Amino acid sequence: MIRLSVSFYGEIADRLGRERAMVFAVDDVTVGEIRAELARQDEAATILLNPQIRAAVDAVVVDDDAGVRSGQDVVFFSIVSGG
Amino acid sequence: MAVEARLETGGLDAGAELAAFLSGRDADGAVVSFTGLARGRGADGAAVERLRLDWHPVMTARSLSVLAEATAARFDVSDVLVVHRGGEIAPGETIVFVAVASPHRRQAFFAADYLMDRLKTEAMFWKHESGPDGGRWIEPTERDRADRARWSD
Amino acid sequence: MAVEARLETGGLDAGAELAAFLSGRDADGAVVSFTGLARGRGADGAAVERLRLDWHPVMTARSLSVLAEATAARFDVSDVLVVHRGGEIAPGETIVFVAVASPHRRQAFFAADYLMDRLKTEAMFWKHESGPDGGRWIEPTERDRADRARWSD
Amino acid sequence: MIRLSVSFYGEIADRLGRERAMVFAVDDVTVGEIRAELARQDEAATILLNPQIRAAVDAVVVDDDAGVRSGQDVVFFSIVSGG
């Protein structure tokens, strides 16, 4: 069982809210699988299948094949812009 | 060499930052600064009442440090400073202040230019502007991406 | 468009100049500044105790205006400021402060860079540095001339 | 008869002083002739024959063939450098 907090930054937060709790009844899950599960649960979350939406686990930007453990912080974020 | 990167959630006084950066500096002849200001109109000419920069509690500050360090490593500069606002910003207020000191004028210009190009496309902020016509998210422009692409990694 | 060129025979507070230049500015997103500081050592490494910039009562101020106007005419900038010290300057003090505002970041960088290259070789000052080893007159370096030559007239 | 004030800026002022009064017993004189006359009077002033030493009349930079009238201000100056 994996319990996660998933948060959203940028434009996607307008559609998906700032944060969601998720539970997976498995022992391992990848970032890509989290995207897919969110898109399955919620039509608005299909935007997460766009590769421009990047992900971080415990504040480290990762690829879709990165594994996520229970209790870790997952962030999905839209394109960034400073300055 | 000192590299300083700060996320500022209150105000940002560019004049005071420059004065502090210059203070006691007698080994470097050249200091280039860039100040980015919130504009009263968006790219399409519509009035902007408020700019909001969302930030992540860990990744945003770290991205500023990474970019400032990369600038210091790439150019012949002695000190690099970046101060970046997060939160709500009114038109005319400073969003970002960058300063670079070097013994060489050209290196100082290059370094500040480079740091700004990277901040525009890589600093971890999410920028939202709103006005009487509603709100929209701001992403780097094609020009910002072309500017970034001038510098090979 | 405002173009301001000042010969300052007292002190020059770059932080205060930048603050004033930014004040009320909400149409331009980008302000680039250059601050030139008196160094504690000369090009040969010898200690410098004093820098003296001689100036002509008419031609020097006019040369600053001409160069600032040329910068404003050449680039897509809204305001150009140059403040240049004349007289005696101690190490660490500001010799020159340049600020350029533009809607476009790249234009602001180009304009400040151009103005500095022209000031180095064309501003009508005669620069003398002195220290425990004696004094010498400072002329533009080969690098200064090469930097100036980058810009076709 | 032409009476002039001639002043010097930059390195040449170390050798020639800041200012000299000159009198020419002619009705017209050029900047080039002033250089030559100074060099004739004073060994140190032969540096004025170097074309890097430029001239101005009444605060306008001019060439050697520029004419100078009585009462005008003539300036000779070494290479300039700002910033």
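Which chain is which? They are A, B, C and D, in the order written, and residues in each are numbered from 1.
We take it that contacts are C-beta pairs under 8 Å (C-beta built on N, C-alpha and C of every residue); 3 or more make two chains touch, one makes a residue touch a chain.
Fair warning: this is a prediction, and the values are worked out from it, not measured in the lab.
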- Query: Both subunit C and subunit D are touched by which chains?
  - Reply: none
- Query: How short can a path of touching chains from subunit A to subunit D be, counted in steps?
  - Reply: 3
- Query: Hey, how far is the Cα centre of subunit A from the one of subunit B, in Å?
  - Reply: 28
- Averaging only over C-alpha atoms, locate the centres of subunit B and subunit C and give their separation in whole Å. 23
- So how far apart, in whole Å, are subunit B and subunit D when each is placed at the average of its C-alpha atoms? 51
- Where subunit C touches two or more other chains, by residue: 36, 105, 116, 120
- Query: Which parts of subunit D, given as residue numbers and ranges, touch two or more other chains?
  - Reply: 83
- Would you mind writing out the residues of subunit B in touch with subunit C in their complex? 13-20, 22, 24-41, 91-92, 94, 103, 105-106, 108-109, 112-113, 116, 120, 143, 147
- Message: Going by the contact rule set out above, which residues of subunit A touch subunit B in the complex?
- Response: 9-11, 13-14, 56, 59, 61, 75, 77-83
- Listed in rising order, subunit B residues that touch subunit A in their complex are 36, 53-54, 56, 58-59, 62-64, 84, 95-96, 116, 119-127, 137-140, 144
